[in-house]
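Below, chain A partners chain B and then partners chain C, in two separate complexes.
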Partner chain A sequence: MEKRIFKSIWIWVLIVLVIMVSFPLLAKPHQVNLLTEMIVFSLYAVSYNLLLGFGGLLSFGHGMFLGLSAFTTGAMLQRIPGLPFFGAVLLGTLIATLVGLGIGCLLLRHKGAYYALLTLAFNALFYAIAIKWQKVTGGDDGLPIKRPNIHLGFTQLSMSDVTVFYYVTLVVIGCALLFCWYFTKTAMGKTVLLLRENEERMQFIGYDPSISRLILFTFTAFFAGLAGSFYALFFKFVGVDAISIDMTTTALLMTFIGGTKHFFGPVLGAGFYIYFQNFLSDVTDRWPLFMGILFILLVLFVPRGLSGLIQSLVDHLRKTKN
Partner chain B sequence: MNVTTIFILHGLVYAGLLFLVSSGLTLVFGMMNVLNFAHASFYMLAAYFSYSLLIWTGNFYLSLIVCPFLLFVIGAAIERFLLRRVHVLGHVHELLLTFGIAFIISELVKWVWGTAPLPVTIKGFLDGNLNLFGTVYPTYRLFVLFCSILIGLLMTLLLLKTRMGIIVRSAVDDSEMVSALGVNTPKVFMFVFALGAALSAFAGVISGPLLSTNTGMANTILVDAFVVIVIGGFGSLIGAVIASLMIGQLQSFGVLLFPKFSLALIYMLMAIVLILKPSGFFGEKK
Partner chain C sequence: MEILQVKNIYKDFSGLEVLMGVNFIVKANEKHAIIGPNGAGKTTLFNIISGKYKPSSGSILFKEKDVVGLPPHILNHLRICRSFQITNIFQNLTVFENVRAGVRSQVGMRYHLFKTPDRDSKINARTEEIIEKIGLTEVKQRLAHELSYGQQRALEIGITLSSDPELILLDEPTAGMTREETEEMVKMMRSVAENRTLIIIEHDMDVVFSLADTISVLHNGTILTSGKPEAIRNDPKVKDAYLGEE
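For the complex of A and B:
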């Protein structure tokens, strides 16, 4: 049984992979751009869901990691001439991870409402810094970014090409997503579930919840940072929006729309969110309002999100078949 | 000397506003375990209502009474029809719901009133200056301070001297037990939630002429109020008073002494308190 499920997952992965790889050959550039954005944000949402859905920790400060990494990437590219593409990505991600580790150390004893509040306060702090520290962040004006090309020795990948950037993003973020998925299957990933389900019992068995929380927090900071780096490179611009509370809100909305109980729910949510936003912003300027109403309706009536909806649909079909 | 007095007064005025907002927040959290993200949105909504009412009627005192009442009704409705529904799903869902409400209110405000800051001007007696401790100080700021002290005293009386107050205080300690003793706790929850909304609305109305009425005002005060209840301890009114006073002074002198870091000072204070005493000054360990 276990094996069959495993097999069917690999078939799905293969199908998705084929679609993703062949997509740029069939689609227009702006569609490729849209898909790139979806991929970047799905990593962001997945990393958020590792906290919310798997760890049961409601964080209101996830945007700071995305923003920190985006700003670091931008500032480093501006300061250090000739910095390679992956050097910038690595630096941004590293800073986000280190800050995640530091803040995680301060937060490791807290959970629930305290946790939500404290992460919110830290996010507000970093937002304030980003606005004030104009020398590095550009303040309200933001930072324009040039995407460096990737040198492979024998050839050079031109990053200004939409399709090439799409493939690079797909490979890097795709690997990161798969690694996150693998993480949830490891013993360490299972302790995260313990954290959510029963912390007292976890201590009886001999695990330390504080350490697990710290590891989880740093881990998610790393992946949010990676997403942030690609966010900066994708938009070729970083503004203070990237580190604002609204950015955290975005992660929350995406994750919740997609559903928190399933690993790939946030991927679905991110795709839906970006598409819906793109569609609505053509129609009306007030798209966040509709997003908010959708969110409330989901909280009230479909607490398991889109993936939960699909799951119950599949279950229903199976039942009727039998 | 002069400057110091003025800044102490500025700090006190802000502390008053902050207390009005955070007292409701901390009581609701203490009783229902719900961190109400929409609390500051009530504050913002009331400020905008008051702006429109001022244009319409021109009477500031009227909006001081009408807006809190409106928000009392809205708060009660939100608790009764939305929050109570998701109560069974757990705290995270309640938190997400209030968050969604805050999001919608802020978008609605942007839609109806636009994103530009709106000036609120008052006329008459409140618009002047008063001589105080040898300095000239705007009457309106003193009025704000006076109002918040008055409301604070009224609340203390309500909580300490009435039957309702006894029920609320015991519900903060242990709402299940209170419910077991035959008190209709859902009704009490609704009342406290609505009262908190009304207090927040009152703060919103009086803050209109003081600070500018803009779409970011909810987030600004929300974060400060959160810091207040973290420092003061969840569910503690006296903690909220003391923490408000501290944040008020810190805010006002921070701007004077370290203009660049004034925003960071509050968070630094919060981090220090949390490291030394994670449950806040008057919070219980949970």
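For the complex of A and C:
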């Protein structure tokens, strides 16, 4: 039984991989761009769901890690001439991770409402800094970014090419997503799940909840940071939107739309959100209104999200088949 | 040799004095029962020894080291482990996963970001061993909340045992059990306590007198007396305070 499920998962992975790899050959550039954006936001939403769905921690500060990394990537590319593509990504991700570690230390003992409010406060703080520290962040004007090309020794990859940037994003973010999935199987991932289940008992069998939460928080900050760096490079621009509370809410919406119970729920959520937003913003300027209505409908009628909906469909089909 | 020395423990909850100078000694490999009427402070005492509460004053020496006020997970690393009066298990996990959580903690695989514990043969073998000891081999893949009450109580002990403790604290392990289940539990406790020290809170006097090497009577927040079961049974003070009520 377990083996069959295992096999079918790998078949799905293969199918998705083939579609993803061949997509640029069949699609138009703007569609490739759209898919790139979806991939970047998938990682952002998945990292958020590791906190919310797996850790049971409602954070309102996830946007600050995406934003911090995006601004660091932008500012460093502007200031350090000849900084390579992955050097910029690394610096952005590193700063987000370190700040995650620092804030994580301050949040150690908090849960529930206090935790949510404190993360919100930190996010607001970084937003204020981004607006005021114009020298580095460009303030309200934001930072334009030039994507550096990747030098491979024998050849160089032109990052201004939509398809090349798509493939680089697919490989890097794809690996990051796989590692996040693997995380849920590791000792640490299991510890996170068990702590959500019964924190008291975990303490009495030797687990320190504070350390676990700190590791989880830093871990998710790292991946939000990685997403943030690619966010900046994708848009070739960082504005204060990247670090706003709205950005945190975006993660929350994507995660809820996709469903928190499944690992790949937020990937679906991110894809749906980006596609829908793109579609709506072509039709009307008031797209957030429709997005809000959609969100309300989903929470009311599909509380387990798209992945939950698919799961019930699959279960239903299996039942009728038997 | 004493493994645990409880010295002059006081505890008050915002003015309500629950423990007023508790003193007793537990010898290594002893089965030590703590009895006393409801509200005597037995569970509070357990919560202090196991690190859930800090006492207002007093000290606790575990193998000559002062451990008072240490958090539960550190006490667990020192191999002091407890069970709970109200079943405190991972309800939505299988029996196997419940026990494995403790086993992997004991071998130090708590926060590893790269290793996966599911296929670790050493951890799994140890888990199987414990599940066999608590008699749940047949239901090891069942979710904890699907088990009968007696089985859940056994699992409660299994999780406690999974940390391979030197000192086991059991808080009313037979509470709410039928006669047969209680007999099974007593058998299990005997086998579990081999080469370990056991402290048990228990209301069932048959269990206490058949299991314990030493009995301490807690009354009005202090230890009335400690001694061998026969001495306790015949102690007029104990009869007055507790046993006589029956």
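One rule holds for everything that comes next: the second predicted complex is superposed on the first by the 322 of 322 C-alpha atoms of A that agree within 3 Å, B and C clash if a C-alpha of one lies under 4 Å from a C-alpha of the other, contacts with A are read in each partner's own complex, and residues count from 1 in each chain.
To be clear about the criterion, contacts are C-beta pairs under 8 Å (C-beta built on N, C-alpha and C of every residue); 3 or more make two chains touch, one makes a residue touch a chain.
Since the model is a prediction, treat every value here as computed from it, not as a measurement.
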item	value
Partner chain in contact with A:S212 - chain B first, chain C second, else both or neither	second
Chain B versus chain C as contact partner of A:S22, first or second or both or neither	neither
Which superposed partner A:M202 touches (first chain B, second chain C, both, neither)	second
Contacts of A:M188 with chain B and chain C, given as first, second, both or neither	second
Of chain C and chain B, partner touching more chain A residues	B
Which superposed partner A:S158 touches (first chain B, second chain C, both, neither)	neither
Contacts of A:S8 with chain B and chain C, given as first, second, both or neither	neither
Contact footprint of chain A on chain C as seen in their complex	50, 71-73, 76-77, 81-82, 84, 88-93, 101-102, 104-106, 109-118, 159, 162-163
Chain B to chain A touching residues, read off their complex	29, 33, 35, 82, 85-86, 89, 91-93, 95-97, 99-101, 103-104, 107-108, 110-111, 219, 223, 226-227, 229-230, 234, 260, 263-264, 267, 270-271, 274-275, 278
List of chain A residues in touch with chain C within their complex	182-183, 185-188, 190-191, 194, 197-198, 200-208, 211-212, 215, 219
Complex contacts: residues of chain A adjacent to chain B	52, 56, 58, 106, 109-110, 112-114, 116-118, 120-122, 124-125, 128-129, 132, 245, 249, 252, 256, 286, 288-289, 291-293, 295-296, 299-300, 303
